[in-house]
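In order of appearance the chains are A, B, C, D and E, and numbering begins at 1 in each one.
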Amino acid sequence: MLIAKVIGTTVSTIKDETLKGCKLLILRQTEVDGIPFGKPYVAVDTLDAGIGDLVLTAHGSSGRLTAITKNKPVDAVIMAVIDHLAVNGDVPFKKE
Amino acid sequence: MLIAKVIGTTVSTIKDETLKGCKLLILRQTEVDGIPFGKPYVAVDTLDAGIGDLVLTAHGSSGRLTAITKNKPVDAVIMAVIDHLAVNGDVPFKKE
Amino acid sequence: MLIAKVIGTTVSTIKDETLKGCKLLILRQTEVDGIPFGKPYVAVDTLDAGIGDLVLTAHGSSGRLTAITKNKPVDAVIMAVIDHLAVNGDVPFKKE
Amino acid sequence: MLIAKVIGTTVSTIKDETLKGCKLLILRQTEVDGIPFGKPYVAVDTLDAGIGDLVLTAHGSSGRLTAITKNKPVDAVIMAVIDHLAVNGDVPFKKE
Amino acid sequence: MLIAKVIGTTVSTIKDETLKGCKLLILRQTEVDGIPFGKPYVAVDTLDAGIGDLVLTAHGSSGRLTAITKNKPVDAVIMAVIDHLAVNGDVPFKKE
């Protein structure tokens, strides 16, 4: 899984019909302190995550193993919202 | 999923026989403002996307979970055409 | 799928027994003009592609969805030989 | 599989309900001497690995092939704790 | 598949119980001349490959499609030992 920050939303009228009602959020991978880097990607939100939340995303066929994403053409899903991260005795990220 | 721009088409006479009639488009991943970067890749179009459209592509086995791509040797599919993207209160991309 | 150029062949006496008779070609990914870049990789050829051909390769489990690669330990297959590529009104690649 | 060092833990109250009780550790890939590099990622721990351990992680659908991760939306699992690594006659890493 | 050189071995006492008896080798991807580059990774050896051998590795779910790796939490397997590579009329690698 990747640690990522939710940075935005996508709106699409034309999409695969199995995706009606799926919330598709834009994310960027982050370091353990929650600072984003790298390229944007899109994942299905099944946990009502909000903009600015730090989350974990599962990719590939694993992205389809939730009740909401089963058998749909999606390759990434938010499967946890992070409360805090502990690294080497420090807490580099804590949700406000 | 990746945010990508449709930049072209591929024409192949010799191909796996399950691919007859599949529309194979060339894309480049983009930033949230729709500006492309990086290497070209090819995805099956199931939504009648056009050159210049910003789309979402699903990869791997998830690329086969549409009615058109089922059981075919393809690893990427366009599963949504983007109307607009909202990031941090801005709208960095809006379809014209 | 990736756009790639066939650059060579591999010869192996010792291999998984399901691979006897599989033609394993060496490729490099290319830009839309057919100029190769990046690292070599190997894919099964099911279309009698030749050295120098520009092809499309499907990866991961999708690489096993041809009659020849079914249930074999291979993760990439040539599923189309490219005649030409059209990008933004140009034809940056055309097979000779 | 990747060689990686366990560097921390994640705590999440809101998560896919199949993940209750799953221990999610933060790792960084390492060289053969155990020195980490690159970006953090998260894997399920099924072996009671500890902070500082060098481990092997399996990715993608293979990450679901343990008794603990079966059918869950996770894409990486720790499937071995490394005792030592032998490279070209040397032992660049040995667990203390 | 990737062209890779076997550079070492891993020893693990604590591992997923399905992996008892699996030989886990360390590899680095190579160019067509057999010169390694990049980061180390680990694959299951099903062909009795030796240190220094040039091999092909299959990744992802394809890594589980051998008699030895079936249903195990492994994502890479050595499925061929390379005798020689032919590129553009040359033989940049030949096994000694």
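Keep this in mind: a contact is a pair of C-beta atoms (placed from the backbone, for glycine too) under 8 Å apart; a residue touches a chain by one contact, two chains touch by 3 or more.
All of these numbers come straight from a predicted model, not from anything done at the bench.
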For this session: Any chance you could name the chains that touch subunit B and subunit C both?
Result: none
Exercise. Measuring from the mean C-alpha position of subunit C to the mean C-alpha position of subunit D, what distance in angstrom results?
Worked result: 33
Exercise. Where the CA atoms of subunit C average out and where those of subunit E average out, how many Å apart are those spots?
Worked result: 20
For this session: Identify all positions of subunit B at which a residue touches two or more other chains, and write them in rising order.
Result: 60-61, 63-64
For this session: Record each chain of the ring in the order reached, setting off from subunit B and passing subunit C first.
Result: B, C, E, D, A
Exercise. How about subunit E: which of its residues touch subunit D in the complex?
Worked result: 7-16, 18-19, 24, 26, 39-43, 51, 60-61, 63-64, 71-76
Problem set entry | Touching residues (chain side subunit C, partner subunit B) in the complex | 1-3, 29, 31-32, 46-47, 49, 56, 58-66, 69, 77, 79-88
